[in-house]
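Chain IDs A, B and C follow the sequence of writing; residue 1 opens each chain.
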Amino acid sequence: MNEPLFVIPLWADLTAVGLGGVQGALFASGFRGERRLDLLGVAIIGVVVGMGGGLIRDLLLNVTPTTLQSNWYLLTATGAALVGMLLANLFRRLNAFIVGLDALVIGLFGAFGTSKALALGLPLVPAVFVGVCSAVGGGILRDMIMGLPVAIMHVGSLYAVAAAVGCFVLASLEAFGSELVLAAVVGVVVTTILRLLAVIFDISLPEQRALYRNKVAVETTTIPIVRP
Amino acid sequence: MNEPLFVIPLWADLTAVGLGGVQGALFASGFRGERRLDLLGVAIIGVVVGMGGGLIRDLLLNVTPTTLQSNWYLLTATGAALVGMLLANLFRRLNAFIVGLDALVIGLFGAFGTSKALALGLPLVPAVFVGVCSAVGGGILRDMIMGLPVAIMHVGSLYAVAAAVGCFVLASLEAFGSELVLAAVVGVVVTTILRLLAVIFDISLPEQRALYRNKVAVETTTIPIVRP
Amino acid sequence: MNEPLFVIPLWADLTAVGLGGVQGALFASGFRGERRLDLLGVAIIGVVVGMGGGLIRDLLLNVTPTTLQSNWYLLTATGAALVGMLLANLFRRLNAFIVGLDALVIGLFGAFGTSKALALGLPLVPAVFVGVCSAVGGGILRDMIMGLPVAIMHVGSLYAVAAAVGCFVLASLEAFGSELVLAAVVGVVVTTILRLLAVIFDISLPEQRALYRNKVAVETTTIPIVRP
């Protein structure tokens, strides 16, 4: 019996997949690398961002990927990628709208991942881990396939942390007896708001620093920035 | 019961693995990057290209990888990689032969992937998706491990599309009641021919383009090509 | 029944995860790329190196990842990564200590991978393959996520080969009727010693070379080394 007892409503899952697909295509459309992506490349990135999180979640949980159980996931992700590609310029003018959508998508994927992990009996810490991997996995795959530095690895706004806090709140509420659906909604809200606050106030994590060279670290960190 | 009801004949599977191993080693032997690959590196790439497609297929389908159920897969892939490496120059003179083999390999992996997915009960669209991932997955893994831009992401010949059309024909025939083996053979033929035609006539997909800037797009797309 | 009959003792598994986490964080702390890693980035790399090998092993074996069955794995990997990050400079002075630990970690992950694969009924060759993937998988994931050339692909010390020999010795002993635990201990020792010898004597594999151009190959291989 590999089938999950817990089922995310199809409409909710497809909404996340569609928003991810649009977001991926917008990102890929704006890409000006050594070689431009062709139509197929943009569509692939849309599918990767829209479906990657769910696939990674189900691989980690060792269940048959939900996204491959129905025709709708791929059709939604591909359709969303095409829409994102065609309307790229229109969407870009609505930048705040995109950032908001993106924050919501992380929240949704994170909550789905943690909920499914908890429903399959995983302990709290791995359940939060699975949620974070679902939330940021699509973006990591996107960057690796496009040959870009993986965004969440570098000094920037609190992307993965926002997902982790939301997933942790979800799992904690569930541990204290809350209904899973309610906990999931709270988790989505927490992640989305944290992510938006991080963008708005441009908050980032401190750089890593060793105990034994606190003074030197301040100087060495400036070198990479001033390099020719 | 995770075991598939559908079994690809071992000789057919090993043929695809061996051809993939040769092709991977040829590719890796020709690589002149920042640092050359050592013997082991070339062998690894051969194994990745020969076995990657089947591994990705079985991960997506959540079944125990067939390629790890018998000693023959790894021995075939490794042996093929060694042959490819030793005979690299000979094979390169027969370039048309290599391109033809490669087209056949995509066709075989695509057909195996889609057939297995259909046999496990997946709907048409995800079955085609699994086939395409099997067909192009080895090449994507190869490029990611070698630190190269992922080939199918960029303007080029219709690699993934050829695989998708062949897999779609296979799945459609099966949906209309055709025998799976017959449908698979047709799928292999369609993919192989499409891929060869794309190479011969140098057909490629149009670059992605936004609705709102059709005129500008023509100009901007030339910039990356003329960059210093 | 996907559950393994064979259980690696939790203390042994956590030791490998912890050592991997420290090693990953040390590596990531020393990274001076285009953009420095932030605290989270270093922690992620620690978790990837500490847990990646086990995750890859369980994905290949199609069993539910052991590392997600308990809170301890993630807590250990994260804690170890933080320790590694804070004490980066102290540890770096003890370079021989680090190299020794790393050799031990490869040995442990390789032995766990091969043992588990054999216990699940895999034949010898794939069992060795799973062991090697467990041993080097964390490092490959680390390099791919950090956007570095994958270390084991290039001319260097016999990293993957040391793992392969140890895993092969383990599997051979088991095939000849030895107790699995004893075989695993021998495998760990063999891999660790081989890896240390390779580092100490700076042994590397010959570069790949085609039969049909032995003379030319000697010249062309020097070009990448003398590049400006």
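What to note about this one:
Keep in mind that, in the parts below, a residue touches a chain if its C-beta (ideal position, glycine included) is under 8 Å from a C-beta of that chain, and two chains touch if they have at least 3 such contacts.
Owing to the predicted nature of the structure, the values given are computational and were not obtained by experimental measurement.
Although chain A and chain C share one sequence, what matters here is the overlap of their interface residues, and that overlap falls short of half of the numbers used.
Taking only C-alpha atoms, you rotate chain B by 120 degrees to land it on chain C; that is to the nearest 5. Chain geometry summary: the mean Cα position of chain A and that of chain C are 28 Å apart. Residue positions of chain A touching 2 or more other chains: 2, 59, 62, 144.
Touching chain C in their complex are the following residues of chain B: 2, 28-29, 32-42, 44-45, 55, 58-59, 62-65, 67-71, 73-75, 85-90, 144-147. Remark: chain A residues 2, 59-62, 117, 122-126, 129-130, 140, 144, 148-150, 152-156, 160-161, 204-208, 210-213, 220-221, 223-224 touch chain C in the complex.
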